[in-house]
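Sharing a structure below in structure tokens format, with a few things to ask.
For reference, chains read A, B and C in written order, and residue numbers begin at 1 within each chain.
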Amino acid sequence: MKLLSYFAAGALALGLAAPQTARADQPTLNLFIWSSYIDPGLLSAFEKQCNCKVIETDYESNAEMSAKLKAGGDAQYDVVVPSSYYVPELQDEGLIQKIDHSKLPNFGNLMPKFQNPNYDPNDAYSIPYQWGTTGILYDPAKIKNPGTGWALLFDPTVNPNYPFVLPKGEGRDQIGAACAYLGYGFNCSEKSQWIAAAKLIEQTKKRPNFAGFVDETPARDQMKSGLIAVSMAYNGDIASCYADGSCTKLKYFLPDQGSEIWVDTMAIPTHAPHPELALQFINFILDANNGATLSNFNQYASPNAASQKQLTGILATPLINPTAEEMKHLSFLAPLRGAQYKLFNQIWTSVLQ
Amino acid sequence: MIPRGVRYALSGISWPLYALLYTPLALVAFYSFAPAPNQAGHSLHAYGVLLHDGAVFTALRRSLILAFGSAITSTALGTLLGYGLCRFRNANAKGVLAHIPSLIIYTPIIMPGLVFGISELIFFNFVHSATGFLGAGLQTMIIAHITFQVPYVALTVFARLAGLDPYLFDAANDLYADGIKSFIHLIVPVVQPAIIGGFLLGITLSIDDFTISFFTAGPGSVTLPIYIYSAIARKGISPEINALGTMMIGSIILLAIIHFFITRHRERAGQLTPTGKIA
Amino acid sequence: MSAGVKTEVEIEAGRQRLRLWVTSGPGLVWIMIFLLIPSAVLLGIAFFSSNDYGSPVLPLSVQSFQQVAGYSLLGWDPGNIIIFLRSLKQAGIATLVSAALSYPLVFFILSRPESVRPLLLLFIVLPSWTNQVVRTYAWMELLGPNAPVSWVAHLLHAVPPDLGLAPGSFAVTTGLAYNYLPYMIVPLYASAEKLDWTLVEAGRDLYASGARLFWHTVFPQTLPGLLSGVIFVAIPAFGDYVVPQLLGGDKALMIGSQIANQFTETPDWPYGAALTIIMLVFTGMGLVGFRILTRKLGGAEEATI
């Protein structure tokens, strides 16, 4: 009993000693972003520039972020960072607001292909933040002949023994990969193609060495520990573990049948408490120097043309900057809206069951 | 009271179980001594990184405040709840209505965490926009945590009281005229292990909660599970995370052992009697 | 007695009711305000239709309940029934294993001197104060393809080479037992600690053998704790999806993850709300049945809330 009262007293004392998080007169920017996705140095720099306080809250999946926004979180945050394929949904549901480009003088810094992408024409609702690719990661010590396509995941003869995984998520990448393997192209959109892809994945589930549904980033960690041998992965995750030396033996490639190029974007929730600060922040990120600092921290590619010459090290390699040949096989996930979106979700749910 | 043969059997099963309980933790500790990046050989590098990371300690402090703050309140509410339902409920009530208090108590246990969290978010959001009170943050998290802890305390206290000799309560009435006095001086000591158990359960539930905390948190109110979840999502189970776990468990074990030796020393010196039961 | 004057019995009954409200009232009212009302509002959306992005819209409909029964845009499939049974099985395994492990542990602790008991109990609860993901990942490694335990499994041909015990059902059972042991032990211990050993002594005179002695004199006294423990384990285990996700490879969807998906990855909030309602109804019915059953077994004694 005494011990507990010590604990309680200590906890209360700590609580009372808690520093205030922001001075009452200082405006704040509430940033809702993927964890470890922004350089803390950039946040301090922005705080100095705007004479405000930045409060960062993290999430690990678009789905979590979207659920929180839908449940009322859209009045709590000023900037969110959805992936490109989520932007159409957030826009249709009225969760993000139109962006006033007149307040973004640095917008022109963006590369042309990111200024008018298929998922958000003219970047009306979202501004590109970082981009990357999705490909296959494997352990060459175990897999000798990976091939060049998606067969490494879907063809039992290429990998009959070693544990492998597929991501869980919303299913876009997985169905896309299966479609590409079956010859329909990564961005297949017919119901019959989706169903064929779903059936392929269900068969893949039944293979004895299928080790389950594990998302790209945790899968990389499992492969580092030797628990699995093949998975899908994001190029930036690989770059950062090459950089700290923890996965140098693993190999990453982009299947030539087609794969995904994705963009994480900045958006402003509809009921954001400080939208003007949000626009300032977005413009700040679009600055050439800040864009370079960001990419050098994240080890992901920058959509900012003006930042390219400041990018260092691995960012200049094809891992992060795919060659023109590789770019031919990469596509943005086409926006799924309305009834198509619902159908896709139900197909993916039935795959997961 | 327990025959010797049975005692040996119990030890034979239990010590290996204790070992199994701590094997994963031993692995966690082992990994925390991983070499620094691009170097070889075990090191304390991860501990160094951890101790310099202000964010971890902020998160830890928040989690402790949240856990203790909510557990104290929920233990109070839950103990009264369990006691009241055990002692004062009409045991012969029939029909559907009789089950209602039980169902109310079970609801936080049955409710899936995600639904719980989203409901709270919507509710607090509504209250905040209507009245300005209960902005998302530590206060909303504490309320949510209390809500899911109360049933556990109530059920644990109830289980302890149930099956007690009912004459105990009559004795209470004879000894103490005032219901409150009888509660404090007679009931609480009897129920003490259950109260402590309920309190421990409350802390356990709170410290490990991710989903409900995620949805009821305000901007920047990061608790330890939220912090760890983020760190794992981005960097995997890094040596720093393993170091964090090792330090937490290690310090509690250390404190518990120290407390044990202090108490035993005092007992032997005749200053304390073993706590808990009425003889 | 003239009408209008209460009898002593009535006054006492009134006082009882007052005491009931004073003690239980705060807790019950708290839960009602902070959970029942908010979740009733959320679950009410089960009766709405869902738009393409899964948000609730008018008109009202029972379409989401049809989805629970298995009807979707793709026709009918028994997926939800399978998921439900799977989750039930998981709850059963978690409960049985944690109960089986708890009894020896509890009586082991009771066989030790009193001063040491709180420490022993704390040491059982302590592992659950590490982060669930961290300790589950540790099990993934301990049962993974490279681990010693898996080599033994390879030798016994229980597992193909290059694969491990994790992910797999053995790993899931281990993970469930590991996670839920503290929730079974605490109430069981609280109950067993006040065991009346004189009854056991009396029983020893009547029943010679150990097992019968245990069953007739010891076990019934631990029943309240066991029943609370069953509730603390079975219900969360029924909805648990973290353990099957990490140690089972997420190959088998549980009802908890099915519900979570409907609010996040594949959003359809009315469907998620309907699934939750059905799950709550089943679990509530199960609990009420459990209560009635334990009353019948224990005579008039109330063993659990």
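The rule is short, and it goes like this: a residue touches a chain if its C-beta (ideal position, glycine included) is under 8 Å from a C-beta of that chain, and two chains touch if they have at least 3 such contacts.
Small disclaimer: the values here were computed from a predicted structure and weren't measured.
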From chain C, the most remote chain by mean C-alpha position: A
Highest C-beta pair count, chain pair: B-C
Whole-Å separation of chain centres (CA-atom averages), chain A against chain C: 35
Separation of mean Cα positions, chain C and chain B [Å, integer]: 16
Interface hub residues of chain B, defined as touching at least two other chains: 118, 122, 196, 229, 232, 237, 256
Touching two or more other chains - residue numbers and ranges from chain A: 64, 67
Chain C: positions in contact with at least two other chains: 141, 263-264
Partner chain C, residues of chain A touching it in the complex: 61, 63-64, 66-67, 70, 89, 92-93, 142, 161-163, 165, 168-171, 205, 208-214, 222, 225-227, 337-339, 341-343, 345-350, 352-353
Residue numbers on chain C that touch chain A, as the complex places them: 52-55, 72-74, 77, 79-80, 82-83, 140-141, 144-146, 160-164, 166-167, 248-251, 253, 258, 261, 263-269
Interface residues, chain B side, partner chain C - complex: 1-3, 6-7, 9-11, 13-14, 17-18, 21-25, 27-28, 77-78, 80-91, 99, 101-116, 118-120, 122-123, 143-144, 146-148, 150-152, 154-156, 158-160, 162-164, 179, 190, 193-194, 196-198, 200-201, 203-204, 207-208, 210, 224-225, 228-229, 232, 237, 241-242, 245, 248-249, 252-253, 256-257, 260, 263-264, 267, 274, 276-277
Footprint of chain A on chain B - complex, ascending: 37-38, 61, 64-65, 67-69, 72, 118, 121-122, 124-126, 129, 136, 192, 196, 199, 214-215, 217-222, 226, 229-237, 255-256, 259, 275
Residue ranges of chain A in contact with chain B within the complex: 1-4, 7-8, 11-12, 14-15, 18, 21, 28, 30, 32, 34-37, 55-60, 64, 67-68, 71-73, 75-77, 217-218, 220-221, 224, 244-246
